[in-house]
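Only one structure is covered here, and it is reproduced in the block below.
Each chain carries a letter (A, B, C, D and E) given by its place in the written order, and its residues are counted from 1.
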Amino acid sequence: MHLSETVNSGFFFLAPWLVLAPVTGLLFNIVFGGRLGEKAIGWVASAASGAAFVVSALLAWSLAANGGHAVSVPFAEWIHIGSLELDWTFRVDSLSTTMMLVVSGVGTLIHIYAIGYMHEDVRFKRDPGRFRRFFVFLNLFIAAMMILVSGDSYLMLFVGWEGVGLCSFLLIGFWYEMDTLARPSWANSDAAKKAFITNRVGDFGFLIAGFIMFWVFGSFQFDEVFSQVSTIAPGIIIAITLFMLVGVAGKSAQIPLYVWLPDAMAGPTPVSALIHAATMVTAGVYLIARSAPLYSSVPEAQNIVALVGAVTALFAATIAVGQYDIKRVLAYSTISQLGFMVAAVGMGAYVAGMFHLVTHAFFKALLFLSAGSVILGLERGHHRAAHGHHDDHGKGKKKAGKGKEESGDEEYHEEVFDPGDMRNMGGLRKTMPVTFWLYLIGGLSLSGIFPFAGFWSKDEILADAFREGFTGVYWLLTVAAFFTALYVGRQIWMVFFGEPRHEAAAHAEESPPVIITPLAVLAFLATFGGAFNLPGVHTLTDWLEHTIEVHAGEFIWSVAIISTMLALLAILVSWLIYGRNPLKAAQVDPLKRPLGFIFTGMENKWYVDELYQAVIINPFKKLSQFLADVIDERFWHDWFHEKVIAGTYNWLSNIALDRYFDQRGIDAFANALGAWTQSLSAALRKVQNGFVRSYALSVLLGVVVILGYLIFK
Amino acid sequence: MTLTPQDYQVLTPYILLTVWACILLLLDLFIPKNRKGITALLSALGLATTLGFTLSQIGSEETGFFGMVVLDGFSTFVNALLLVSGLLGVALAYGYIRRTGIERGEYYTLLLFSVTGMMLMAQAADLIIVFLALELLSIPLYVLAAFARPRTESEEAGLKYFLLGAFSTGFVVYGIALVFGAAQSTNLAAIVGYASTSSPSLLLTIGAALILVGFGFKVAAVPFHMWTPDVYQGAPTAVTAFMSSGAKIAGFAALLRVFATAFPSIAVDMTDVLWGLAALTMIVGNLIAIAQTDIKRLLAYSSIAHAGYILMAFVPYGDASVRADSVAAGLFYLVAYAVTNFGAWGVVIALEKAEGKGLAIADYAGLSKKYPALAAAMTVFMLSLIGLPPTIGLVGKFYLFRAVIAGGFTGLAIIGVLTSLISAYYYLRVVVVMYMRDGEPTIERETWLGLTTGAMAVVTVVVSLVPQYLFAWASEAVLKLF
Amino acid sequence: MEFLLQPLTLLTFFPILGVLVILFMNSEMKNAIRWVALVASLIAFGISIWVLTMFNASNPNLQLVAKYDWITVAGWNIQYHLGIDGLSILLVLLTAFLTPISILSTWTAVEERVKDFMLFFLLLEVGMTGVFLAQDLFLFYIFWEFTLVPMYFLIGIWGGPRRIYAAIKFFLYTMAGSILMLLAILWLGIYGGTFSVPDLIAQGNIPSDIQLWLFLAFTAAFAIKVPMWPLHSWLPDAHVEAPTAGSVILAGVLLKMGTYGFLRFNIPLFPEATVKAAPWIALFATIGIIYGAAVSYAQADVKKLVAYSSVSHLGFVMLGLFALNHQGVAGAILQMINHGLSTGALFLLVGMIYEQTHTREMKVYGGLWKITPVFGTVMLIVALSSMGLPGLNGFVGEFTILLGAFGSQAIGNAWYAAVSALGVIMAAVYVLYMFQKMFLGPQGEVVAEVKKHGHGIRDLNWREIVTMVPILVFIFWIGLYPKPFFALMAPAVENLVKMLPIP
Amino acid sequence: MVPVEYYIILSAVLFSIGVAGVVFRRNALVIFMSIELMLNAANLAIVAFSSALKSLEGQIFVFFVIAVAAAEVAVGLALIVEIFKSKRSIDVDQMNSMKG
Amino acid sequence: MTLDLALFLILALVAIAAALGMLLSRNAVYSALFLVLNFVTVAVFYLLLGAPFIAMAQITVYAGAIMVLFLFVIMLLGAERLPDAKVLPWQKPLAYGLAFVLAAEATYLFVTRARPEGDILPPEAAVNTLDNLRALGIALFSDYLLPFEVTSILLLVAMVGAILLTKKEKWERK
């Protein structure tokens, strides 16, 4: 019962190449990459990703030509058991093509950027194998992401869902043998592991949702599920949607599972941009949008989703204010913005959510990549400065800023410069002008300043919240918007204005064109991306209408004005604090004094990591240890199996210790004998004592007992 | 009242062997001291000839000597088994007694006499004959156990065996007295005739129980087993090998004959007792075996344990629906046990050194590296004793437990399998030492010993693959017994 | 001759030919012996493929049956009865597949007593194949017990420092279960008048109270073998001490004998008891999943970690089997194969590194991926397969199992599946922990240690890659396109599920 | 007229005394004598039964028992003498070199 | 109480006393002599029971040959007395206890549970009847020929064994 049609016209037959193209690229790089140079590897990968983009575009064109009706492209059977029928089938509809275009488009740009970036990265020791590996992973990511967005069933979506999780793991832990500062450490691999496992927690929710779905709807296929929604009790749908929300919270970094995302900044910057800002993390938003018929039928679940999104938006925004690492600020910003999106799709404003998803992909990718450019510039500056004289600024500050992760590396005495610490920056406006302007565009877009893309999308969310009566959500988001502008302002003032607070900043250099060019493209999109769904034009709305039930959001002036005013106010505040009196080297953050413990809380991410450590991770470790050491090893293995079973064996048989025989192996059985069993067994041993009389006694005993039994029975 | 040729035909094998033994006793005087191998050959010849006659009697059913003895499928089966045991006993002894310096022609003669006693036991149809046969098989064994005099252990073994054996004989005689008092006859057929006409008397039951004590002693059932480890250890190993199989076979044969023929009427009571004995024997035998460090003692306890398994087959002897199958299973297991047991003792003999050295299990270390074939053979025997494939032991246990379960004694079967599990532990130790410890064992290379051991290993495996012929024979053998 | 040329007979007993050849070879000709063993096992694998080509997947019944009267005297009705159906064909193939791979993995790892090793190994193959093919309870029991013996030697002679202890423990524990099964087999034989499994199933009129007892007796044997929590205590000992090839076969095939036993005997022979017991088995399976995963995580020894992970994985298999619906059972069968492949591969990989470093302590490793990229990548794929990443084989099995269990009427509630799904998270925890500790992070001390003694740690060599590639192929194949595998078992599973009196 | 059970009880008492002798005396010869007492008690019972049942069978059996006892004595005493030669004692408690 | 019974009781007391004497005498020679007394008493019983042939065999074989042999060996070995030893202190009470239980069980059995049938004829009825003896002799060589022959073999074996065991010759060991 497939509602979506299968069409043989157009380019729909190309759909599998969404996945196959990047897979081909990665296979090519695996097989031949060893003989190719760095550049060639990078371009092959980019081309593969580009091909996926081309396919996406062709599909979109065909879809438009087809009147926007969803199309299923079967590829192969997957799991067929009994009533369970799962296929590898691609689904081309307006929602999926939107995602495809964003993913492959932004992805391709980032591939290109990475060619330059990875070469520049100080951690890159001219190791072509590493280089190749990076691009293989990137292509794998694109492939997985394509599976995610183009799947025709929840299960295929789940395959991509987990696949991107894997890529996220691989790429966060790309520099697995070191930390972000290239010191030997477990930090990066820890971060990677954390990301994967946290995601798996979310996947658990997804799986349960899937199980319920199958036993209720009898299918995982989107259309079949949605067509039956009205026949199913709402309670069950609520369960499905809420379990799915757990998955969303994992993938899209919502409370309470967002904790992995800031740590994910351990990955190379292109990865942060691609995976942890533009594409993968939005998968949750996509999932909810995709499941719109489910969510729309249960307002209770919608409320919860919206609330989770809104709270996350505000919560993460506050933390972003207290961060010093340039990428970390952006990471919390991403969480916050994802909160916006989730809130939007939760409210049923699917278009607004998707719109924000698209624009966010542009400006957040831009910001991350620019931040990468800044980092590279600083590294270059540091490299030059290091040839000059020694500088000990970095050390002391770094500790305050970087927080916990590094406390394990205290013994590492060589002075380390952290190119990502904003306290080491300042005045970069002069040394890296292009980057500055690009960053500024991104920042303004993020802050929601008219007329940048972020303004339009964010405003649509706020307006929808306002209009649909989600008052609480509306206010939470509005306040979050204020904080957004505040941390953006703070960041820009700290990084680009004032005087260099470190030799490296003073000697920073602008990045090469291969890095700048993609940034420029993104900047263009971040500026004009709002055009996709301008009020009154509603391009995206019309487009998505084919797939999900949407309503055109109206532009509400009051909402727009309030949010813009707040944003401007926030920028003003940030100027007052950080712009007017630029930060000096080694100076404590000026917000710290007025806000006191609140700022300490922000700085320390409200101690959520510590909380999880204390409440979940440590207990789990303890439990595992307890189960393994006490229950399994000592109780079950050593006590029960060795003492009780083996010991009884020995006790019964009067084996005092077989000294001649086997000291290590068998006697491990016997050694388990307790003292009391030993004494008992010694007593038993006396029975076969070598005395004829006793033997006769045994016979007599037997006779007496048998006769007694027979006589008195 | 005259004897007819039929009477003699019934006892042909016995008479043949007895006469041959008497002749050999004389002939031996003329065989020079250093050529006692001839005696061995001659005795083997006698055994083989008798075996031939016995096999020719398959299918014959006769009663002879005024109801004193019978010839039937059962006795033929057991006789054949006993004669084979005798042959194996001679083969194992041949090199051994020479090497240990106890080579005397009388060894073989006594062995032959003991076999005659055992055969008579299988054919006995009168308690008087049972009693005499018991003594006839025992007295040579007492002497053989002490054959390695003046080695202390051997003498001690002889004396212990003798004193306890005579003690148990006392019970048998008293038992026979009570049975006689109750049933007015010592003839098995007459007893059953009496029992079928009157209600079972407790006197008869008690008498049967006392007779059971004597058989229990012979087959080493707990609690009448305590002589076994000491005697097996002290006696010359070749004697032990013969005794552990032969005496057990004869004991079980007589037990079966007497109980199945004469005492079905008191089966209800006896079943309880046999149940207890079997359970106790399996448990105690296997448990104590774990502690042993001497291979001879280990095998001694093993033989006690196996007595328990075989006893299980006799538990349901009063239940007409299952007893034939059950007893056939017992016979089959006796064969399995005898074959395996001779093989294992063969290996022990191969490794034994002068003065009782080379008998600790630890002395088997490294055997698999130096003598892989011997180690493999021993492994096969150990597996067979545990009851693992591909050995006759498994098939035997399968058959046995099936009979026990069919008889409704699931509890006993559970005890049986659990104790088998326990037994795995100590049998495996031998394997562990042979394969997983390093050592420099030396063995005695003796042709007959090697052939016997190898043949037993082959039989152990091959019969497990094609057990149906032996099955068929065993079940045929018991058909007319009841 | 006709008897010997039966495909299944040939498949089962072909390795014996290798045994005979090796038996007459000089034990110094180590390489020749290895080749003979390898070739023998490869031919056996070839025969298994031949069997596969003759196998009709749409027929739910036994096929290629070889049936001869064996012991039919004295009220016995024992047959030499081999047959294959959808429930067993994959396991047979797995056995034939893993044996040559394991032999190949011992090429340099086993230098002592190569002859004995290969003898036992080929004998083991005979036993394992026989277990999966036997359709007569007596025959089955013989094969079943027979596998104990070679494995006992493999652990006991070529194992680690506590090998004897582990070998004896392995032997006694598994035997403890199987002797209770023996009694049940005998009871069935007496009651049904035959030992033939299909006949007994067809008769199927065992009173339900007795069914329960028989079910328990069979369960004793199989649950220990699987091993189901809490009977798993022998497993870590055996796995840790066994030589690599032994661990591979132990995890890959021997444990499957337990789950297969449930499938082949418990479920069809005692349907009523099965349905009654399903919630309880599911409970224990669930505990095993969680417990195994948690305990794995706390291990310092990588082999032990993998060993405990088997407890968890086989918990999934048990959960699937006793979901007693199509998804659960089919998933469970597939998961048996998956576990054989992934855990087998994990043991192989651990063995490969152990051969160089002689330590299995995870904490002394670290950063290996950088030194041995191929090794690291292969390990990663296998590890991901083990933790059930979609697109790889583990997922297909675990997902279908959980799906089946979630809606299982026999289990009766979804909680077990839901809690078991937590095991998926925990699998990620311990697998990633293992991967991180060994392959990620800074270089561990063992790298320097090895360098001191020679050339440092090397990457996989060609032989090792050849060993791994077939497994990897199947990991991807089953993950992406499991259809042929499900197709092989579907009719048989359908048949099995249909006969159960599920309310 | 003496009821036969009187004889039987007497024989049982004698038998028990013999058994006791075997079980707790240390002198191998005395043990052996106790065994003879047991046989003797059994013989008494048989003859008593024989008399009560007016059957000769019992008496014949007793005859064989006596003969067998003689044979046993021959072997038994030989063994005891032999062991005395090496141990210089006939205390059975000395004969426990094997045990366990 | 009839005369028979009185005679029986007196003799029974003597027999039991003699048995106990054997059991309790420290000196093996006394034990042997007590046993002889017991055998003789039992022989009288045989006469009372109408079995003169057995009574004679008892006197000649048992009391005569066997016990003389015993005494001879005791004297030969000089083993009248064993030095005191304190091993197995629990053995003796246990032995008494069990032997007593055995006797008690037997008595209980014969008195209350399974009273043997029949009465003993007065000895006059059996003693000196030639028929009795003749029948015995005939039976021994017709019906009981086989046991008779077996017994002869048994005695032969015992003889061989006894000789073998006590022969002076020591085996020379290789």
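The definition used in the following text is that a residue touches a chain if its C-beta (ideal position, glycine included) is under 8 Å from a C-beta of that chain, and two chains touch if they have at least 3 such contacts.
It should be emphasised that the depicted structure is a prediction, and the values quoted were computed from it without experimental measurement.
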Partner chains that chain B and chain C have in common: A
Most distant chain from chain A, judged by the mean position of its C-alpha atoms: E
A-D against B-D, pair bridged by the larger set of C-beta contacts: B-D
Mean-CA-position distance for chain E and chain B (Å): 31
Interchain centroid distance [CA atoms averaged], chain C/chain E, Å: 70
Chain centre separation in whole Å, for chain D relative to chain C (CA means): 65
Whole-Å separation of chain centres (CA-atom averages), chain A against chain E: 99
Where chain A touches two or more other chains, by residue: 662, 665-666, 685, 688-694, 696-697, 700-701, 703, 707, 711
Chain E, residues touching no fewer than two other chains: 87-88, 91, 94-95, 98-99, 102, 106, 109, 113, 116, 144, 147, 151, 154, 157-158, 161, 165
Sites on chain C at which at least two other chains make contact: 163-164, 168
Set of all touching chain pairs, with the criterion as stated earlier: A-B, A-C, A-D, A-E, B-C, B-D, B-E, D-E
Residues of chain A that touch chain C when the two form their complex: 76-84, 88, 129, 133, 155, 158-159, 161-163, 166, 169, 173, 176-178, 184-186, 188-190, 192-193, 196-197, 200-201, 203-204, 207-208, 210-212, 214-215, 620-621, 623-625, 627-629, 631-632, 636-637, 640-641, 662, 664-666, 668-669
Residues of chain B defined as touching chain E within the complex: 1, 3, 11, 18, 22, 25, 65-66, 68-69, 98-104, 106, 109-110, 113, 116, 120, 126, 128-129, 132-133, 135-136, 139-140, 142-143, 146-147, 149-150, 158, 181-182, 201-203, 206, 354
Chain D - residues contacting chain A, complex: 19, 22-26, 31, 92-93, 95-100
Partner chain B, residues of chain A touching it in the complex: 649-650, 652-656, 658, 660-662, 665-666, 685, 688, 690, 692, 694-696, 698-699, 701-703, 706-707, 709-711, 713
Interfacial residue positions of chain A with respect to chain E in the complex: 689, 691, 693-694, 697, 700-701, 703-704, 707-708, 711
